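Order of writing sets the labels: A, B, C and D. Residues in every chain begin at 1.
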Amino acid sequence: MSSPLFHAIGIALAAIVQVAAMLAVAPLLKTLIKKLKARLQNRQGPPLLQGYYDLAKLLRKEPVRSETASWIYVAGPRVYFAAALSATTLVPVWTASAPLESAGGILLLVGTLALGRFALATAALDTGSPFGGMGASRDMTIAALAEPALMLGLFTSALAAGSMNLGALVRGLVQQGPSYHPSDLLAFAGLLIIVVAETGRIPVDNPATHLELTMIHEAMVLEYAGPDLALVEWTAAVKELLYLTLLVDLFMPLGIATSLSPAALLISVVAWAAKVSMLAIVVTLIESMNAKLRLFRVPELVSTSLGLAFLALAIRFL
Amino acid sequence: MDLLLWTLAVPLITAAIGTVGGLRRLNDLILVAGLAITFALSLATAGQFLRGDVPAAFGDALRVDGLSALVLVLCAFVGVLSAAYGVGYLRRNESRGLVTWRMRREFYGLIPAYVFAMLLVATSNNLGILWIAVELTTLASVFLVTFHDRDTSLEAAWKFLVLGSLGLGFALLGTVLLFASGPSQLGEGMQALHWTRFIQVAPELHPFTLRLGVVFALIGYGTKAGLAPMHTWKPDAYREAPSPAGMLMGVGMVNAALYCILRIHLISKASLGPEFSGSLLLTLGLLSVLIATPFILVQWDLKRLLAYSSIEHVGIMAVGVGIGVEAGAFGALLHMTYHSLAKPVAFASAGTLAQLHSSSDFKRIGNGTFSRAPIASLLLVLAALMITGSPPFGMFFSEMTILKAGFASAHAKATSVFLAALVVLFCGFAFQIGRLVLGPSRDPSDRRVPFPERFDVGMATAIVAAIVAAVSAFYLPGPLMSLIRSATHVVWGGV
Amino acid sequence: MTNELLILCAAGMLVTAYLMVGQKALFTAIRLYGVQSLLLAIVGVTIAVADSRLELLVTAGLTVALKTILIPWFLMRVIDRIGIHREIEPFLNVPASLLVCVGLTVVGYRVSTGFPVAARGASHHLIGVALSMLLIGLFLMVTRKKAITQILALLTVENAVFLVAVGVTPGMPLIVELGISFDVILAVLILGVLVHRIVDRFESMDVSRLSKLKG
Amino acid sequence: MGSILAAGLTGAFAIRLVAIGVSLLLRGRPALCRFVSLAGSLVASAMTLRAALHVVRARGAVEGVLLHHAASGIEFGYQLTPLSAWFLLVLGVVAIPVTVYSAAYFTHAVSPRRTATVGMAFNSLLGAVELVFAAADVLTFLFAWELMTLATAILVATEHQERASRRAAYLYLVMSHVGTGCLVAGFFVVSAAAGSTSFATMFVGNLAEGSLRHALFALFFVGFGVKAGIVPLHVWLPEAHPAAPSSISALMSAVLVTAGVYGLVRVCAFGLGTPHVYWALACLLLGSVSAVLGVLYALTQTDIKRLLAYSTIENTGIIVLGLGAGMMAMAYGRGDLAAVAVAASLAHVLNHAAFKSLLFLGAGNVVAATGTRNIEELGGLLHRMPWTGLFFLTGAMAISGLPLLNGFVSEWLTFQALLFGFASTPGLMRLNFPLAGAMLALTTALAAACFVRAFGISFLARPRTRVADEAHEAPAIMLVPQAFLAVLCLALGLFPGAVLGAIGGSVVSLPGIQLQTSFARNPVSIVSGIPSFDYVVPALLGIAFAAALLVSWIVTTRQRFASRRAPTWGCGGELTASTEYTATAFSKPVMMIFRGVYRPTREVEALAEVSAYFPREVRYRARIEPTFERYVYGPIVRGVLKVAAGMKVLQAGSLHAYLAYVLLLTVALLLWLGGKT
């Protein structure tokens, strides 16, 4: 048995563990946000495990598919799911190195997420339902608008840390120690807006609605039922968790484990949970304090974040 | 009798017989045969020159050097083509009963006479004879312009003759002044007006008189060549003359007139240095190209289009000589050669199309001739590609040579203007020929049904000419190339 | 003595040219041309006598025969046959035309100053006159509308050229001169024929109507 | 070896000539004629490809003389530098499948009468482009360049009965001729300065000074930019591509445009000495503008070939963007970083050639099967043409820059180049890079949207018309080339290292470039200039992706029921093909958001019998303003024609005027001569 093989197995295990963990936690986060929101509206809200119940139920249901659909329709959710999962392996979560960081960095991450989006949007067009088309069109449009801001925001941190590879980047940030450079704040604000947009939250999209005119993500997946829908929902949750984790990595990496000692890991997991739930609260607050924007107002919001990101870059490097 | 004299005599005899007239088919035969023999003889004369001795007659009044030989061969070549094509052209008209006895006699008489005059120009070494010969070309071509005897042809002929005679007056004054610039040095008798004599005594000639003479001679012969702004007779004459005659005017006459211009240029070059007449040629040439451009862009008549194109090409050659580098002169002569090979195709195909539609007006001909007259249209497209200097055809190389020389010379700015004009010219040509040839065929409701395209002598001639032109792009016969070289030597290196 | 005579004749020719510009009656114009040619011939004779060059006498004789007799006669016949006797209003009225002609004369003389002062001091006058006549003739062609007048103007240009040929050079080769004269007469004949055809077609000799061919 | 290759190259041209000749002779028998010309072309391409491959591997130039034009003394020399070899390689990789495809496609796309002409033009086009890449001196280059233009024009004008294709051909001819004019001027000025017409001595370094140098750059940039389709010189492109037969469009996008890029790299970037900062800026700016505008226009097209044509403009933009970054690095003396940028654009040249030709061939299948190019009339083709659909989808994903496919690789490299540019340039100048990066990101995302739309509307859901309903799959001979190209896209995406290794060789051959670390440690990975900064191993992600896909399958297939089919929910109403989401509707949001660019004009008319609230049918017409045609080219053309028409007064038929010209000239010259000297 050669050492490269050990290495490979190590990577695989790490990846599996991380993916499994993310899959497990994601529904909880989703429900958590729902619950918080309900509380802010003086409602009881769902039980914390609601997400899991839903998934279990959906997975057990009979899959119903449109007559007009082709294999694209079936492939869509699966590619979406697979893309998100493989994306998670590129991001450091509890240790200061991503399991698959040897595969690539930020650009690959963004690309992989784009792959998932592409698949889902294409599949949405397959049923011939106007909703699918509407959703796909809007989702792709907003994603396109968000892309530049996202890139710029990521570039700012990457250039600051001197690497586009998330693992190296986080390590860099950790050993630099907390830099209270104002550009961080700007970049954070910019990216936060993008995350809100990408995860389909108010003010860009409303995950709770099923009104024809306001749906975006929901419209896209309106035709899905049973296990297919389960995959979509689950992936959406994982993506959200992923984005929040990304924010954590880039702007508040303190506490992340730089060694594999149990103590460090424990601290890191706790710290991560705390930071993510804090971000979740922020997202919830944003969602409850704003109304959904009209689709054609979204560009203004996104361009704000673009401006923030560029400003961050400027004041950081000039 | 001397080979050179035969070369000149044969077309004259042909002309004589033609004017007398006789059986139609016999006339056809005599015309074509006569000019074919002339071509053969011209080749022989050129060969004689290439073998090293200088064919001459009448005490060097006629003398064949490199330049003469080249122009001689090219003119004779065009002569054959126009004769062969003309026979077919005339037959087509006869089949419609458009040809009168007068017309036939004029045709059989004037075409060879015209050729004779050109050859005389090409071979004359005496400025006086040169002038007379040019005058003869004018007189021979007037009645070819009035051939169809329409109102417009009268108009064209009048303009042609008045401008032509004026030009000749100028040319004569120029000649006289050249002579006056150094009577004592030039001496007495015929030899006094020999070009070779001028070159010999060039340094002692009185500069100012010479300058004045050169100016008048250039204006005069420029009128015949169609350099702007003396070009104005060309479109009218070309449109009215029957296509075979047009062919002679547009190629042979252009070469002959350029020959005169070059001779004058060389005298002035030998005496005053290259700048004086060089800059004149450059200016007039550039002006011609620039003038031709807009008229090609917005032209309404196929034959006039060709007229403007020949103005353009005269301009190109003048520029080539005018920029005053050897490469330029070489490019100009190469251009003359390729032009003489390619232009006949254009005239033949355009003439055929015009004849089939009994008009050369674009509107009357209509779009999509490809569907009606595929062969003629194809030939026209080929010819258009050739004369716009597109690869893989010959004039691409000559134009590139001139451009390259120009940018390397002191006249880079002028050359860039020239280049710009060439670009626009191409666009204009592409548009005009494109709208003529391409597109849906004309609607059946149209009552003016064009005649069907038939394969006959004229068509055969056109095809042969096209093949020759196409092949020549990459293969010029060795002797012809050495002719071009020695002509370049004359134009650049003096005698 | 010779010089004075030459200059006198030359001046006379210039005057005839001016008169042509001022003239409207075709007959008179033709006669003026005849006179002009006669003066040209006299110039020839004078020089011939002065420096005993007899071949110039031939030229002079030729000139008289052709230009003072034959061509005017021919043109007269043409006019008679057509029956048009007056030039219509030119493009430029007479006073203005004369003014322009003065300018052209100045140009001609200015150029003539560039010539070498030859054995005979007259030569540069002759040149000056010749160039002025040439330009005036050309100007005449530009402004006049009748075909005949244009022919006359053309012939004036021709005369100017001959004046230079005769007066300034020690004689061109004779053959050449003969050839040239022959060509000129031929040209005039053809022009005459064309005038006939034009008149038959357009019932007019007004050249300015010949403007169908445009662009 | 060199001599053999030389023979190979010469042989290739010879074969093309023979093929042309024979096919012209056989014009009477279309099938045979088609076979001869295409077979000849195939062999010739193969030979050229072999030569190119050798040079790319051996990294040494092969040169020689093709032909001596005796009359003018011009020599046709060729020289396979590593750079030109790379472009020849791209050409070969595309030309071979396209040729095979054409064998079947021409049978119905080209009328028998025109087979000979098209065959001739096809061979001349490929031969000319090969010569453009191989040319060793100015005159050879210009010869090939002009020939290329003419051949393409003929191919575009094949269907000359349609006004559109006549117009397209003419527009193309005029624009490229203006471009050629600029090139002629530029080349001859440089060659006059260098005293030689051979590229080897002309483009060694800085031969001009000051403003002349800028003028030269401008000339060359315009000259090559027209062919490359850089905005605003692009207007011919979307006209010409749809007019030509689909396989020709594939060649035009993959090869003709590439010829322009070749010129830009060879001359504009590395021919005129160290690039000036402004040149780099021009490239960055126009590159990003072309990219964004290209994709924006593509996004609104309903004619699938126009759509692809506009996306070609977009990709040229990306290529030029990379080149611009490289030039900027050169301007600041960072040859190492320039290497990355140039490699990025060279890689994108290959990738674009691969997926764009794939897409055009797919479009060809669709047009052949349905007879329409309008995607609004398609739909549901995936059921009827499964393979075409699959290949088109591959192409669409590749062009959207999604990982595991080749588009991602070159865009990744371009991003790297931009980031390095930012890191390496001083002062405010550096801010151009992140902006360009943002533009690139926007472009990529919009491209994804564009191709979701293109594929989804034409291949998914129900057929919208009868023709779409009756469509049939294309024959195998048309599918195999697409299969090849699709596999190529995947291979280039998974083994980028192999390609980048080859590019490295071509890049280092350029003056002023230092390549510190090779781009690839191994075939599957690419490393940008500084290894610590970033690297990518798509294959590794591929494994993870596959595993995850397996998981998703496991999660969802352990179920008690088989999947049930049901009609799509139509809010209680019934869904027909007419209720499907249209392409126009899909791009509506973008259209509204970028209305500043599109300046759309819309008209909606509702035909109602009873009341306006119950319309029987609603007609919706939307068109976007052809900005450049209207505000740039229209005025120019009108101006020129106006002047030309004005000049006509010079030839108004008045003899007196004509005589006056002579008088004026004479007087003028006499005055010029003056008197006593």
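The definition used in the following text is that a contact is a pair of C-beta atoms (placed from the backbone, for glycine too) under 8 Å apart; a residue touches a chain by one contact, two chains touch by 3 or more.
Every value quoted in this text rests on a predicted model; they were computed, and no experiment measured them.
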item	value
Pair of chains joined by more contacts [C-beta pairs], A-D or B-C	A-D
Approximate Å spacing (C-alpha centroids) for the pair subunit A, subunit B	79
Chain centre separation in whole Å, for subunit C relative to subunit A (CA means)	100
Mean-CA-position distance for subunit C and subunit B (Å)	31
Euclidean distance of C-alpha centroids - subunit A vs subunit D, Å	36
Residues of subunit D touching at least two other chains	648, 651, 653, 655, 659, 662, 666, 670, 673, 677
Shared-contact residues (touching 2 or more other chains) in subunit C	111, 114, 138, 141, 207, 210-213, 215
Residues of subunit A touching at least two other chains	none
Touch relationships between chains, expressed as pairs	A-D, B-C, B-D, C-D
Partner subunit D, residues of subunit C touching it in the complex	91, 104, 107-108, 110-114, 131, 135, 138-139, 141-143, 145, 207-208, 210-215
Subunit D residues touching subunit B - in the complex, by the definition given at the top	67, 69-72, 74, 138-139, 142-143, 146-147, 150, 157, 160-161, 163, 166, 169-170, 173-174, 177-178, 180-181, 184-185, 188-189, 191-192, 197, 640-641, 643-645, 647-648, 650-651, 653, 655, 657-659, 661-662, 664-666, 669-670, 673, 677
Touching residues (chain side subunit A, partner subunit D) in the complex	15, 19, 59-60, 62-68, 70, 72, 77-79, 81-83, 85-86, 89-90, 100, 102-105, 107-108, 111-112, 114-115, 117-118, 121-122, 124-130, 132-134, 136-138, 140-141, 143-152, 155, 158-159, 162-165, 168, 222-223, 226-228, 230-231, 295-296, 299, 306, 310, 313-314, 317-318
Contact footprint of subunit A on subunit D as seen in their complex	380, 382-383, 393, 397, 400-404, 408, 412, 415-416, 419, 422-423, 428, 430-431, 434-435, 437-439, 441-442, 444-446, 448-449, 452-453, 455-457, 460-462, 532-538, 540-541, 544-549, 551-553, 555-556, 559-561, 563-570, 575, 577, 579-582, 585-590, 592-593
Subunit D residues touching subunit C - in the complex, by the definition given at the top	648, 651-656, 659-660, 662-663, 666-667, 670-671, 673-677
